[in-house]
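We just call them A, B, C, D, E and F in the order they show up, numbering each chain from 1.
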Amino acid sequence: MSDALQKGRDLLADMNPGLEQLLADRYDALVPGMAETLVEYGYGRHYARAGVDLKTRQLCTIAALTALGGHTAPQLKVNIKNSLAAGASQTEIIEVIWQMALYGGMPAAINGLNAAKEVFEPGDGP
Amino acid sequence: MSDALQKGRDLLADMNPGLEQLLADRYDALVPGMAETLVEYGYGRHYARAGVDLKTRQLCTIAALTALGGHTAPQLKVNIKNSLAAGASQTEIIEVIWQMALYGGMPAAINGLNAAKEVFEPGDGP
Amino acid sequence: MSDALQKGRDLLADMNPGLEQLLADRYDALVPGMAETLVEYGYGRHYARAGVDLKTRQLCTIAALTALGGHTAPQLKVNIKNSLAAGASQTEIIEVIWQMALYGGMPAAINGLNAAKEVFEPGDGP
Amino acid sequence: MSDALQKGRDLLADMNPGLEQLLADRYDALVPGMAETLVEYGYGRHYARAGVDLKTRQLCTIAALTALGGHTAPQLKVNIKNSLAAGASQTEIIEVIWQMALYGGMPAAINGLNAAKEVFEPGDGP
Amino acid sequence: MSDALQKGRDLLADMNPGLEQLLADRYDALVPGMAETLVEYGYGRHYARAGVDLKTRQLCTIAALTALGGHTAPQLKVNIKNSLAAGASQTEIIEVIWQMALYGGMPAAINGLNAAKEVFEPGDGP
Amino acid sequence: MSDALQKGRDLLADMNPGLEQLLADRYDALVPGMAETLVEYGYGRHYARAGVDLKTRQLCTIAALTALGGHTAPQLKVNIKNSLAAGASQTEIIEVIWQMALYGGMPAAINGLNAAKEVFEPGDGP
């Protein structure tokens, strides 16, 4: 196992322990090695890097996914959960999403708020 | 003066004191009220909000502008300077930019690194 | 109340009188002041400006939301209704959406047409 | 009939014979001439050009729609079917989608894989 | 010559008479037929359609290109000139660009204003 | 060294032998490990995969970068060179770029053609 894969798995053990298996079940038959690649690269080579704490990394991901637009809503929801697991509060997450009205436009921010509502208040969507 | 405009000006007094005048000189003849609107809305209604500290807000902006792509390089540079003024280190800024390879793709991350290099090492561009 | 907020409310009184309350009900618990900010900034600071008539502003919004892609469909539908309220015909709205095939690509234009169909012919979606 | 329209129809006769009629039924009442324009321009002026074989053109379309993001999923599904009709294998389609993680980011690639799963394994969505 | 090509040429005769030749000189050796295709499709099949006047179509294009971001600046400048030729005032153009802060974000609007300044005040760029 | 890194280096030895060193010189002081990560992930984990030949992968990258817009021009130029090295002809590259008018819009396609011209005809830019 590469060092980066190990680091990615160590990180996910705390933050989202079922993610690699879920990805493997869903995608590895189609894309052999997809789950391992995502864990190694995304978590081992990015989130596990030093220099910025995990909570800030997660909030930056929230910001980027919101600014990129509503079609990233599924990934935004996963990362909202990961942000909570990394110690971010609901308020911090919401504030970062709303700030994105400045950079991704109002529709992007509103779609981001809707994604957050679906995570925070399941069954009470817009 | 609206409350939000006052809050925006108070915030910029520390972070980027010349910004409103620079915007007014450049744009207000074309777009009457542009500088005031940007300070009121952007800084008074967003950056001055409670709930997330200013440094984290700035790093989230860095993330979003990087993910949106290289055509936002001028605004990314302004916000890299604002992030330094808000207490972020060069390392934190660079780490957030590089992480965006995951969400905006490699070209977006590389264009973001190039913008940061131009701020950190003027005259030593790619 | 700021001048811009008053102007935004005056404009919405004709065009979409329930919008501020709807936004407040949906978002203000999560993002205090969201509805007021959107009315003040979006309608008071942008749509209420002189220089371009409201119908043209609305058609330009239709164009932009279509070009930005299908993930802005919810906001596109709101703005199609606002465009009708501002005096635009169904034909004008459709023509502007279709023209966006040139700038946002065919998929963006087709997704825009689908959003318009859902507004004009509810219950008869694609 | 223009030459380009004829070429477009000839191409679709093999690849997707019902497409022009489906577009006409769905859109021509709203946008007179839409179906003809799309066939003439899209298929006659682009896909029917010499210089690159049709299968490669289709895989390039898969790549672009994936990179542009999840809001083009309906068009991605149509083009996945067209790619199969042009001789591409499921593996080729999946590989091209996954490669887009590099250029459009992980969320775009994952949304593309989900669209492909819905085409390849109908009723077994994510 | 197809009807659409004739319509496109008639329209450009007033608005931008040198465009087809300029495109042919620049691109036709690389992409045979590019200039004719762009005139036929863009101007004959879109701008020459009935239902919306040309000035409004041009302002909608300004809106879309601004919202899509600063990398469309070359095309935005061409369309700002076309908009003036179609009877739009500098004020109308500027107002539409600035409104896009709402939909494409502040950086997109500011990059659009910069493109307009370069058209209106050549030699006096930002 | 991980398997993926080895595979990436093997691939680049043919296609673009100086790339890892160029990236290391330019970025590794800022982002420790950047060059290795890009080679391992981009080339080892994506381009070196089986299932699609390298030339087709490169043409798909050309398509995606064109559709994403003119701000990816630097990366588009690198990949145009890589595509030539992988056996693609100038015609194939140009055809794929022009086809993107359908999906990324005319401005994106034209910006892509300009990038290709700068590679094919250096010193003879638009």
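The criterion applied here is as follows: contacts are C-beta pairs under 8 Å (C-beta built on N, C-alpha and C of every residue); 3 or more make two chains touch, one makes a residue touch a chain.
Note that the structure is predicted; figures quoted are calculated from it, not measured.
Novice: Show me the overlap between the contact partners of chain A and those of chain E.
Specialist: In this structure, the chains that contact chain E and also chain A are B, C, D, F.
Novice: Can you tell me which chain lies farthest from chain B, using the average of the Cα atoms as each chain's centre?
Specialist: Measuring from the centre of chain B, the most distant chain centre belongs to D.
Novice: D-E or B-F: which has the larger count of contacting C-beta pairs?
Specialist: More contacting C-beta pairs are found at B-F.
Novice: Shared interface numbers for chain C and chain F above half of all numbers used, same, or below, different?
Specialist: same
Novice: For the Cα fit of chain C against chain D, please give the angle of the superposing rotation, nearest 5 degrees.
Specialist: Between chain C and chain D the superposing rotation measures out at 120 degrees.
Novice: Measure off the straight-line distance from the CA centroid of chain B to the CA centroid of chain C, and report it in whole Å.
Specialist: Roughly 27 Å, centre to centre.
Novice: Can you compute the centre-to-centre distance for chain B and chain D, using the mean CA position of each chain? Integer Å is fine.
Specialist: Inter-chain centre distance comes to 38 Å.
Novice: If a residue has to touch 2 or more other chains to count, which residues of chain D qualify?
Specialist: Within chain D, residues 41-42, 65, 67-72, 94-95, 98, 101-108 contact more than one other chain.
Novice: Help me check something: in the complex, which residues belonging to chain F touch chain A?
Specialist: Against chain A, chain F makes touches at 2-4, 33, 37, 41, 45.
Novice: For the complex, which residues does chain A have touching chain E?
Specialist: Going through chain A, the ones touching chain E are 67, 101-108.
Novice: Considering only the defined contacts, which chain C positions touch chain E in the complex?
Specialist: Chain C residues touching chain E: 41-42, 46-47, 49, 51-52, 56-57, 59-68, 72, 91-92, 94-96, 98-104.
Novice: Would you mind writing out the residues of chain D in touch with chain A in their complex?
Specialist: 69-71, 94-95, 98, 105-108, 110-111, 113, 116-117, 120, 126
Novice: Taking the touch rule as given, give the residues of chain C at its contact with chain A in the complex, in rising order.
Specialist: Residues 26-27, 30-31, 34, 38, 42, 65, 68-72, 74-75.
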